[in-house]
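Presented below are the structures under discussion, each in the form of structure tokens.
Shared between the two complexes below is subunit A, which pairs with subunit B and subunit C, respectively.
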Partner chain A sequence: MSFTQFQKLPAYYRWPILAFVGIVVLALVQELTGQGLLTSTTTIQTALKWAMPILIAGLGGLLSERCGVVNIGLEGMMILGTWFGAWGTLQFGSPWWGLFFGILGGAMGGLLHAIATVGFGVDHIVSGVAINILAPGTARYLSDRVFAQMDGGSISQSPRVESLGGFTWPVLAKGPDLFGRVERLDWFIVSDVFGVLRGLLFQMSYLTAIGLALVPISAFLLTKTRFGLRLRIAGENPLAGESLGINIYRQKFIGVIISGGLAGMAGSLIVLDLAQLYRQNQTTGRGFIALAALIFGNWKASGVLAGAVLFGYPFGLSLRDLEGTATRSLLLVIAIALVVVMVWAFTKQNIADGILAGTVAVGSLLFFLFTNTAPSWLPGTMPYVLVLLVLVFASQRLRMPAAVGLPYRKGGS
Partner chain B sequence: MKRSWRLLLSMLAAFALVAAACGGGSDDVSTDTTEAAADGEGEAMEDEAMTDEEMAAMEDEAMDDEAMDDEEMAAMEDEAMDDEAMATGDFNVGLTFDVGGRGDQSFNDSAAAGIDLAESQIGISSSEAEPNADGSNRAELLQLQADNSPLVIAVGFLFENDVKTVAGDNPDTNFAVIDSPMLDFDNGATPFADNIAGLTFAEHEGSFLVGAAAALKSETGKIGFIGGVSGFGLIEKFEAGYIAGAKAVNPDIEITSSYITEFPDFDGFFAPDRANEIASAMYEGGADIIYHAAGGSGGGLFEAAKSVSEASGSKVWAIGVDSDQYNTADDEVKEYILTSMLKRVDVAVFQIIHAQAAGEFAAGNTVYDLSVDGVGYSTTGGFVDDIVDQLEDFKAQIIAGDIVVPTEP
Partner chain C sequence: MNTSWTRRLVLALAAPVSAFVFAFLLSSIVLILSSYNPIAAYSEMINNAVKLESIIDMLNEATPLYISGVAAAIGFRMNLFNIGVEGQYQLAAFAAAVIGAKVVLPNGLHMLFVMGVAMIVGGLYSGLAGLLKVTRGVNEVISTIMLNSVATLGIIAGLFPRFLEEKADGAVGLGTTPLAETAWIPNLNGVVQIFTRDIVKGRKLTGILVVAIVVGILYHLFINRSRLGFDVRATGMNPLAAKVGGVPSKKMILLAMGLSGVVAGLVGLPDLLSKSHSYDQGFTKLRGFAGIAVALLGRNHPGGMVGAALLFAFLNTSSGVLQISKTASSEIVTIMQGIILLAAVVAYQMVAQVRQREEIKAASEATGANA
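Here is the complex of A and B:
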């Protein structure tokens, strides 16, 4: 099958194939370096957990940008989500209430962004930055008024909150544990694939399940429903939409508020699933990484998932990797991937790109050969490096919504 | 329609202004300072809840009949009663936190507890400040504090250089820096100026004792250490002492160490989610006791100890740091905290204020080590009661100089 044929396959064939290729590469590297961690159940679980905030916030960014509004305020909306997620849980005694209020808190940030950008035509970046400044201040002010009065809380931290918990898929991952059995057989590649699959199903948190379900839901919503088409025309050609009688303001408002709600959900996930308390600054820039995932994923729901997993995986791996050797073997994975890019570029007669990819591949390989353990900054920088590589090698293939970031006024044609 | 829009907006704008002005983020001097500066009284209302809690924690400690606590109280009283009676003073003390500030239930809160005690015992007032997120306004905050206070206490070694500069500009104000000796080592280790004192701790000695406790209590022969931020020398002291203490008990013990971030990335002190993940990996790798020196990230370790214990059915332990974390941690996770390495920042803060009140402020470095109970271990919870004798034995040997604890791993 040639490359162009592959590209013509529908997305629900392409992505599993790519994922399988990825696992094969990981398994190969695992054999070469004698590492057991790369495809183990616990690593995949951790990676998935750490990918979720990026994924959900990235889907938030997707909905906002698809209706034409740049949402650089994702980070601020996530912070609102962390605070309200913790507050809702403590106030009403259930993490589900926390999730509800987290979404509401993020949506409030989205509403503010929508009023500024859609209602008043404020520059999207200015409004987004303002929200990113306002949100931590608001959260700290509220913490001082609320958490500081509670036992075990303070101006920068909430008391402990209950986790939402999760479930293990029966038969496949527990009881007969079919996947686990295959994983333990230690057959090359087959066991690796089942190790990954079992990692997905073992002790899956409810929020992870919801987050994964949101990917097909938002793809369906955007491409197959009337609502999605109206939303997208607001981001592609709002004047044409207006001429067809669509209320563009309304579409944009809805899109940005949902976007904020998703960002808030991502924030409350950090509180409810990962940390089990609110702590100032605990989003650590994941809103921006979500934007990177959005660009990486070419403004598509499935692409955002791929980006989130690619960014979450090295991070999750490095936390599990106490000796730092597994993270090091990722350098080999990068080198292999870049060699593929190089070959692809050369077959496309794209000499400059090919040479660049080859050089970086050699650099990565040398880095791998001359170190014993990976430096701790490596996983944190990977999202940015990957996005840079995508922008360098595939920028012509990226297609952002045509009217994103442009001011829209009714009757402006 | 239009009117309601305006109303909504003006309300939002008003809320935004209030939030921006009062919250201030980690942005600027907190309101406490400005209020204190304005009315000269200090101790803003907001702090009361925290104060109560800490006072309660300190009282708890005082109530306990454990030998350790009695000794500590005795040590503090000795120091305080040196001149027959406790000195009093009604001056203002400028407590300048580092990024993160009050509320970490660890290092910074320990300093805050010292101030609170001094307020009730000595009668001083205080004003608090905390730098913005990138720490770029440290010098300005110190100057602001120096304008109102005869004594400025900077919490954290990152204030080193700014204190040197600001102290030169304010010769009539005394400065104390926690975690830095403030000595000019290029010049025969003399104090930088007559108004600069350093307050440092022998963290490695306290860590030695909890390391020994971990080795005595471990059933798997594997223990772990989680450091917040590597590469600037301080946290390595904790690790070195911990390893030395564990090896002193059991030379074959396996110790896994991991740091959350590397200098200059200080996220490692505020990342309970990452600490949770690292701790889970260590527990699953067979370690049954983990010690953390990661400030605000420690909560993640306690959480991991709880969830791993519940999932596997066999109890694993965590060891706290700086304050007695059994007292500050949530009830749900308390029972997993074996002991805590105490770093008595509160004692150091109290004593430097007392010295100022008595007119005995002295430049140079004061080291708080085991011999003055500046560091130690906690017994709250009673989990180490059976090994206290052995730990006290180690402690005596360290004080006597028979055991020299390394400061680098």
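Here is the complex of A and C:
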């Protein structure tokens, strides 16, 4: 199968194939460097957990941008989600209430963004930046009023909250534990693939399950329903939609509010699943990484998932990797990936891309060869560097919704 | 003629005033809901603000905010969103602290050298985002935000432990080696005291205030009086028309992004040249994001941003007195800042729409009269 044929496959075929190739590369590097963290069940679990906020917020960005509104305020809406997620749990005694209020808190941020951008026609980035400044201040103020009065809470932190919990898939990952058996056989690559799969199914948190389910749901919603069609026309050609009698304002309002709700859900997921408490600056820019995942995923739900996994992986790995050896191995993975990019660019006669990819690959390889463990700052920086690297090579081939970011006034005035 | 002039003034002031009133009302509601007395809180803030020492605090706070605002505004003028002032100024200050401590230069020259290093590093780091945009099409909002994290979590966090001060007794300090006194900028207390009483309580008005004023004037001359500034504004208003008119858009992006970073490099200087004289754990952060707020609130206008920086500085310096007097939670000021900002951008947009409608009406009347 040639590469052009591969590119014509639907996204939901392409991404699993690429994921498989990715696991093979990780397994190869694992063999070479003799360290087992890269595809171990625990690493995959952590990576998946850390990919979820990026995924869900990225889907939020998808719904907003598909209806034509750039949502740089995702970060702020996530912060509202973290606060309300913790508060709902503490106030009503159940993490499900926390999730509910987290979604509601994010949706309020979305409503604010919609009022400013759609209602008043404010520049989308300006409004988003304003929300990103307002949200942390609000969360801090509310923490001072609420969490600081509680036992174990302070202005920057809430008391511990209960986790949502999860479940292990029967047969495959527990009981007969078929995947686990294959993983323990230690067959090259096969065991790695099953290690990854078992990591997905073992003690899967409910929120991870919901997040993964949201990918096909939002894809279906956007491409197969009347609602999705109307949403997309608001982002592609609002005036044409208007001529067909669609209330574009309404579509945009709905899209941006759902977007905020999803960002809030992503925020409460960080609280309920990852940290089990609210902390200031807990989102660490993941709202923006979600936007990068959206761009990388070419404004498609399955692409957002791929981006989220790609960007969540180094986050998860850095938590497991206390000596820095696994992150060092990741440098080799990056070098290999860049060599692939280089070869691909040269076959496409894109000399500049090829040379750039080759140079960075050599740099990454040298970094790998001349260190024994990654320096302490590398694991925490890797996700951001990876986002930059990916965008450097992916930005030019992408197609964003035609009318995204443009102001829309009814009647075209 | 006179009526149109007053009308323009009213329109120009309508937005900030209405935003302020709205924020005032909303903050009062928030305060009442949290069972504080808003009147007591506001009077406490104002009583504190009229003291000479508080004014010095306010000016010291407003100085870096204004510089940061100008840095963001240079990009905003051509619809280029440099969200990376935060990382640029921290990296610039760190580099300037390290390099500045290693050189020996005469008084004054040393100070200029430190400033120069900070400007160059800031400009190069923001230029990287510009380069990624023009050569690789990477959206500058995402790239500058990622570069923020790379600078603070990566470069500075990685290099900081290597450049810690080694004291005479062999102990390791908490920050970089302090700059020699030749690099300190003189404070302006003497100038202020000509007009007022002596400044007490150890307050010192930073000399960087002069730098901020110079930056503001240069920004005004560049944007409003220079050929390049005209190109910047033209690109911002209508990129296609500017391109057709012969403005090289890629060069403009690199220029605006680079200049924005050069100015951003100056944001960390009050700490470096007149406060701690080194980059340490307590180095003031988050001024980059506050600068974006100042630019948005001041409409990228050199004068407007002065007001915005002073307002934000007033709110920041008031937080302490609210805490001490227990009239309100000190965090209310960050909410006020957020509300003012959001209300202001909405109000500006509404006024712009009113203006546009009037222009269309005036134009149609004029052409109708001629026909």
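Quick note on the criterion: the second predicted complex is superposed on the first by the 393 of 413 C-alpha atoms of A that agree within 3 Å, B and C clash if a C-alpha of one lies under 4 Å from a C-alpha of the other, contacts with A are read in each partner's own complex, and residues count from 1 in each chain.
Operating definition for what follows: a contact is a pair of C-beta atoms (placed from the backbone, for glycine too) under 8 Å apart; a residue touches a chain by one contact, two chains touch by 3 or more.
Predicted model, so just to flag it, every value in this text is computed and none were measured.
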Notebook entry, point to check: A:L277 contacts which: subunit B (first), subunit C (second), both, neither?
Noted result: first
Notebook entry, point to check: So, does A:L391 touch the first partner subunit B, the second partner subunit C, both, or neither?
Noted result: second
Check: Thinking of the overlay built on chain A, is A:L112 touched by subunit B (first), by subunit C (second), by both, or by neither?
Finding: both
Note to self: After the superposition on A, what does A:F288 contact: first (subunit B), second (subunit C), both or neither?
What the structure shows: second
Note to self: Touch test for A:Y141: subunit B only (first), subunit C only (second), both, or neither?
What the structure shows: both
Notebook entry, point to check: Between subunit B (first) and subunit C (second), which does A:F370 come into contact with in this model arrangement: first, second, both, or neither?
Noted result: neither
Check: So, A:G152: does it touch subunit B (first), subunit C (second), both, or neither?
Finding: first
Next item on the list: For subunit A, give the residues common to its interface with subunit B and its interface with subunit C.
Entry: 112, 133-134, 136-138, 140-141, 144, 155, 284, 375-377, 380
Item checked: Residues on subunit B engaged by subunit A in the complex (per definition of touch) -> 5, 9, 12, 16, 18-20, 22-27, 46, 49-50, 53, 100-105, 109, 133, 230, 256, 258-259, 261-262, 265, 267, 270-274, 276-278, 281-282, 284-285, 296, 299-300, 303, 328-330, 332-333
Next item on the list: Write out the stretch or stretches of subunit C touching subunit A in their complex.
Entry: 30, 34, 81, 83, 132, 136-139, 141-143, 145-150, 153-154, 157-158, 289-290, 292-293, 296, 329-332, 334-335, 337-339, 341-342, 345-346, 349-350, 353
Checklist line | Residues on subunit A engaged by subunit C in the complex (per definition of touch) | finding: 72, 112, 116, 120-123, 125-127, 129-138, 140-141, 144-145, 155, 284-285, 288-289, 291-292, 295, 375-378, 380-381, 384-385, 387-388, 391-393, 395-396
Check: Which subunit A residues qualify as touching subunit B in the complex?
Finding: 42, 46, 49, 112, 115, 119, 133-134, 136-142, 144, 148-149, 151-157, 159-160, 270, 274-277, 279-282, 284, 316, 319-322, 375-377, 380
